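Going in written order, the chains are labelled A, B and C, and every chain counts its residues from 1.
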Amino acid sequence: MGDILLDVRGITKRFGGLVANNDVSLQVEAGELVGVIGPNGAGKSTLFDLLTGFQTADAGEVLLDGRDVTRLRPDQISRLGVARTFQKLKPFTQMTVLENVMVGAFQKTSDPARARMEATKALDRVGLADKAEAHARVLSTGQRKRLELARALATRPRLLLLDEVTGGVDLRSIPALVALVRELNAAGTALVVIEHNMGVIMDISRRIVALHLGEVIADGTPAAVGRDPRVIEAYLGHAYVR
Amino acid sequence: MGFVYALIAAGLSLIFGLMEIVNFAHGEFLMLAMFTTFWAWALWKLDPFVSLPLTVGLLFLFGLAVYHGLIRWILGAPMLAQIFATFGLAIFLRAAAQALWGVDFRVIKNPLVDGRLAVGGLFIGLPQLTASLGALLAFGFLHWFIARTETGLALQATAQDRQAASLMGIDTQRMFALGWGIGAACVGAAGALLAMFFYVFPDVGSTFALLAYVTVALGGFGNVPATLAAGVIVGVVEVLAGLLIAPAFKYAVVFALYLVVVLWRPQGLFGRF
Amino acid sequence: MGRGLRWGAAAAALVLLIVFPQVVTQPFPRHVMISIFLYAMLAQAWNLLAGYCGQISLSHAVFFGTGAYTSTLLARHLGLSPWGGMLAGAVVAVLLSQCIGYPVFRLRGHYFAIATIAVGEIVGTLMINWDWAGGARGLFVPIKRPDSWMNFQFHESKQNYYYIALALLLLALWVTRRVERSRLGYYLRAIREDQDAAASLGIPVAGYKQRAMALSAGLTALGGSFYAQYIFFIDPESVFPTSLSILICLVAVLGGVGTFWGPLVGAAILIPLGEWTRIAFGGTGKAADLLVYGALIMLVSVIQPGGIMALAMRGRRRTG
């Protein structure tokens, strides 16, 4: 039983009549890799927004290392060691790849030379070092995902929230990305990963949380969640529940 | 007066809702409308009332022309380019008006509708009253058009989701052009109405434009009905400020109010964005 | 052109500029150069906020006027040396900018631009009606005999003004260069590109916008104070109008928003052009040059929003 890094307690978020997250609770231990699955519209990205300060919960709390971060701004949460990637990628298109990552690195240092060094290291880790001087806008989707990852890594997070690792990435590049995620986890970073690719997520996660219509319907090991009738019903429909 | 603002603002809101471009030259459109009305009166003795359809029609065409000549090219451009394109147009139009017609204030004398109405203890200028009613009517017409006619619905569809609309067979280019045309036409009507009692000069556009922006922002960009409410609010505040504080400051108060609202609700009172 | 060659060219240009007034002694060409320097500097200051940080302010003249009025008022009422007034003007402008920024930076994009126009109008109206500060009649800058650097006035010739203006421009360029290379520069650009992404990386967006605003406002105010000491008369019409804000924007946009040399290039082209149209079109010069400006802005927006610098870059860059 490790230290609880992220403690989400009864988070609820409503948009007008739509309840995006309903009393969602989950915990992430330091160094753990938790997968989040659920059909479209289940509230996964909203959850990420709530955890990183882009939205504020209507009810419930989010605790980081025991500290209440529910109402903090995104930049404050980032500086507490939580980094995220976005489902709709947001590279800084007018800057080079290296400069993109430097923006992240600057969180830990104000010296441009050091930032450059740290950024280069992050690029090395994700395998984009050879593209350092390229403009961000010429990258392919897979490369942009890695860029976004490098940028987030440069802030040296303790917890990394990945919104869709394999979405839009060509099949050949997926294993490399997955290996990268595994590596990051092995190095000690806790990860919460939203993913649609079942094969990938079941493989890498220590635990899986399944969301459906804004609620947690399962939370356990991949094997257990994979057999959970509610999960099967949510994804495949009633007929498939044995 | 609030209704007139609402009318002007409606055009702006429509354009923004359609393609997320703020027309910084909107005030100049108004100025052109007012000048059109003025010259119709000066050259052909047409009363503003009579020349209103003419002005509306001309402005409609002008809106289309602007779309095809300028806006079409900057649809995908960075925001900076969009802002400056219409901004440049505004400056150009204003300078052109100055060059063509000089800086003097013009006024239409002896319009058909003149005189004052005594209501209780207040004197309301008939032209102003007519303008308000006219604006209200025009607004209603606009609303009917957007909400009930097929073209209007197509416009709404394009505003809400450009891709889906085009997939449904709606010609988005035509919609955009139409949006500009209608937006300009709204201003045309407002200009004709205003010319009945307001001075006409090249810079007249700027103050009204600013009020229009504030009205639109107050009501929420893209939300046309809300601009009516916002227009009324702006009109009321203006008058109150003029009475309570000082006439010179009445616009300043409106703008200050705008800033306050924005602080509290950046998307306007009823905004969607 | 390699880096070394570029700096060599810049150095040579600088030498030429320094020597210029020694060679050319008529007042008019000097005045044009001074105007170029002044506008380039103002545009560069605006560029910091709008080009690098992406916040398009359309009422920057507010800060210009603040600088001019502060130093003038202090000189009139307290006898403060204009140099001190200049600094005070910058301080006041910075404070003002922070107040303005607080509500206005909550807006994005078009909303922000409109809000800045509103602010400009409010300030303009205030100044016209503020009689203690001269109101619509304006203020005359106190003239102290004799000419001197101390009193920041030189009636005999424009030469010293020339050098001061040049120095101000160099200051603006230096500040920009420093910002570009530092964390501040990276952060500002990140904010310009994608505010949300920037926030997710730990950048306190509002705070940095304010910083950019402060720098921009301070520099602009210095220009304002200079103007006051150069023309010796200020009124709301000359230092606060939207047309001035527009001109500042145009200079930067034409040359290249967000680039280092853009504002200077823009000023070098636009100011002489403006002077020429004024001469060529005589009385209606005002309208004619605005006509040209308007057309230019439209053209630039449609054809190449990156301005002249972008056109120049396109030819040069071919790396992957």
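The definition used in the following text is that a residue touches a chain if its C-beta (ideal position, glycine included) is under 8 Å from a C-beta of that chain, and two chains touch if they have at least 3 such contacts.
Quick caveat, the model's predicted, so the values are computed rather than measured.
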Item to check | Central subunit by CA centre of mass proxy | outcome: C
Checklist entry - Taking mean CA positions as centres, which chain lies farthest from chain C? => result A
Checklist entry - If you average the CA atoms of chain A and of chain C, how far apart do the two points sit, in angstrom? => result 43
Next on the checklist: As a quick test, compute the distance in whole Å between the mean CA positions of chain B and chain C.
Outcome noted: 32
Item to check | CA centroid of chain A to CA centroid of chain B, Å | outcome: 46
Next on the checklist: Could you pull out the residues of chain A that touch at least 2 other chains?
Outcome noted: none
Checklist outcome for this item: chain C residues touching 2+ other chains are none
Checklist outcome for this item: Within their complex, chain C touches chain B through residues 50, 56, 58, 102-104, 106-107, 109-111, 113-115, 117-119, 121-122, 125-126, 128-129, 242, 246, 249, 253, 257, 284, 286-288, 290-291, 293-302, 305
Item to check | Residues on chain B engaged by chain C in the complex (per definition of touch) | outcome: 16, 20, 22, 70, 73-74, 77-85, 87-96, 98-99, 206, 210, 213-214, 217, 221, 246, 248-249, 251-252, 255-256, 258-260, 262-263, 266
Item to check | Of chain A, residues touching chain C in the complex | outcome: 52-54, 73-76, 78-79, 83-84, 86, 90-95, 99, 102-104, 106-107, 110-112, 115, 133-134, 138, 151-152, 155
Item to check | Residues of chain C touching chain A in the complex | outcome: 181-183, 186-187, 189-190, 192-194, 196-205, 258, 319-320
